[in-house]
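After this come two complexes, each holding chain A, first together with chain B and then together with chain C.
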Partner chain A sequence: MEAKLKQRPSALEATAAPGAFERHAWTWMRISGVLLIPLVWIHTLLQDVIVGVHAIDVNYVAARWANLGWRIFDVFLLGFAFAHGMNGVRQVAFEYIHSPRARRITAGVIFALWLVISAIGAIALIGGVNQEFPLQQQ
Partner chain B sequence: MLTTLKIYRYDPENGGAPHYDTFTLEAQPTDRVLDLLERVRDDHDGTLAFRRSCAHGVCGSDAMRINGRNYLACKVLVKDLGTTEITIEPLLGLPVKKDLVVDMGPFFDHYREVMPYLVNDEEPPEGKERLQTPAERELFDDTTKCILCAACTTSCPVFWANGNYQGPAAIVNAHRFIFDSRDRAAEPRLAVLARQTGVWSCRTAFNCTEACPRDIKVTQAIAEVKRALVRRKPSARR
Partner chain C sequence: MSSLRTTLAGYVGYRGREGHWGFLLHRITGLGVVLFLAIHIVDTALVYFNPALYMEAIRIYQSTLFGIAEVFLVFCIIYHGINGLRVAFFDLIAPSAWAIYRQRVSVRWTLILTLILWIPASIRMLSNLIEHNF
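Right, the complex of A and B next:
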């Protein structure tokens, strides 16, 4: 039976394939997807409805940044929403890009983009507004 | 009632681009679409190519795209379509050989990869058959119903875009053995489905569940395989 199974190669050979990344990515999408429901709703309601985009100025940003709770909220939003979206872009891109080389390049570009923008976001969240509060309008 | 059939035509041997031919014929509301296709071939155009075998929804030969949705031509009645204008096209996502006949090769390649047969090297207890409780059987009962018509896989938008995706039918048939208490090869099957082209490519569009002429809960079966992959013991992973 063992010998017979070996003659049917494809499935058994595939057992050597590396596989954990896609599983982790999928689990990540589920967890972050659930968290995004409160995170995005609160963010959108507050920024676009309660405050309104036209009322958001540097003073508002500074006031929000001064509150540790909101900063933690924004860390979550950056960490979960952006990574969720970028992994989604990777998945959609992989549906149309089939050669392994092109996929590696695409994944690399998406990863770099995610890293740079997350880093900029993290710097802003940690560094904040380096001026005395309340700020002077320029 | 007078019914118009608009049928996709393609004949690579006689050149020419794919096109649609229109046939108008008298049909009963209780006629099956397959009946109309046979009538077209018998009375109007003997060169029309389509697959059929049992004509009773068991063999799965005559899956095709009817008014934009995958059906078995032998299971869908004219009255089910709610219109007298019927467009019939070959399944999407597989190469067209002629008219409504597609090359099922890529479909069966994916099917073979998941080892769709029982694997068990152990001696059955006391030389008898391997017993199974009704509860154990219940786990995979739904996925035993597959007739390999390809209606699910060729309704899947992920498969349309990427033919490397294992596809719902292969996953359903893997599910049928992965959850069978008598089988011993769940691990290599799960390994195939753990690849990027396996279950993780499923976007839960539910087209497969809607298209299945056997009413298999295909998306649920795929979700159960995903869950099995997430929960399997680390020692079992390679």
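Right, the complex of A and C next:
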């Protein structure tokens, strides 16, 4: 028994009670999920259903971001939705990946992807549409 | 890899009925939406990094193929949201209600509510698509 556990620390780790981080991550998924209902649904209803992708171009984005309220809305959307989603990816991955080493690598890759893509989104949200306003019709 | 194979075989073979299908659909829709979101953050950021390329990306989204995919994306967003609320409600507010019968009934209601919201949204998106692309 002792030897078996030493050989397979992964099995031990995978069945151990979750630590503080995992408990917070679990609660985070539920709290952020409730916040995502207004954030994601308003965004989807407006852009996909009411406005529609055929009416969207750089002018549309510029006009929308001219309103500070919508920019702040988009900051929350970016922050909450992508963190919720990427933590979800990590949780799913950890159900299949049990060795501590492989888990560390997986979590590192997911964290790096989250950081880089969030930064790209944040730079655009702060920088805004990179053209004179009002814009030429493309 | 063998643990992945065991899991995938378990997904198909396990006969957990509504609760099992509700869980699987939550997982697939969640992963699908976050994959799209990662792409969508980058394509929207093009308005700052390269506005001309942003217009190229939007033209792809306006194609018929992506228009149909968009209808399914909206299904994923509605289902995952309602089912997420369902899970959060049982976990945080009424944990004693995690009983098989309650799950069967609530998963059915989740699907019905999803369809009630999704069908009118789809009709509007598809008529918009037909108007512009045909």
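Couple of notes before you dig in:
Quick note on the criterion: the second predicted complex is superposed on the first by the 118 of 138 C-alpha atoms of A that agree within 3 Å, B and C clash if a C-alpha of one lies under 4 Å from a C-alpha of the other, contacts with A are read in each partner's own complex, and residues count from 1 in each chain.
Definition applied: a residue touches a chain if its C-beta (ideal position, glycine included) is under 8 Å from a C-beta of that chain, and two chains touch if they have at least 3 such contacts.
Note that this is a predicted model, so its numbers are computed, not measured.
In the superposition on chain A, contact of A:35 is made with neither chain B nor chain C. Of the two partner chains, chain C is the only one that A:127 touches; chain B does not reach it. Touch criterion met: A:96 reaches chain B and chain C at once. By the touch criterion stated above, A:110 is placed in contact with neither chain B nor chain C.
With both structures placed on the common chain, the touch criterion links A:63 to neither chain B nor chain C.
When the two complexes are overlaid on their common chain A, residue A:25 makes contact with chain B while staying clear of chain C. Residue by residue along chain A, chain B and chain C are tallied for touches, and C comes out ahead. Look at A:81: by the touch rule set out above, it reaches chain C but stays clear of chain B. In the three-chain superposition model, chain A touches both chain B and chain C at residues 95-96, 98. The touching residues of chain C, counted against chain A in their complex, run 3-4, 7, 27, 30-31, 33-34, 37-38, 41-42, 44-52, 54-55, 58, 61-62, 66-67, 70, 73-74, 77-78, 81, 84-85, 87-88, 91-92, 121, 124-125, 128, 132.
On the side of chain A, the complex with chain C involves touching residues 30, 33-34, 36-37, 40-41, 44-45, 48-49, 52-54, 56-58, 61-62, 78, 81-82, 85-86, 88-89, 92, 95-96, 98, 113, 117-118, 120-121, 123-124, 127-131, 138. Listed in rising order, the residues of chain B touching chain A in the complex are 112-115, 119, 121, 158, 161-162, 164-165, 187-189, 191-192, 194-196, 198, 200-201, 226, 229-230, 237-238. Within the complex formed with chain B, the residues of chain A that make contact are 1-2, 5, 8, 10-12, 14-17, 19-20, 22-23, 25-27, 91, 94-96, 98.
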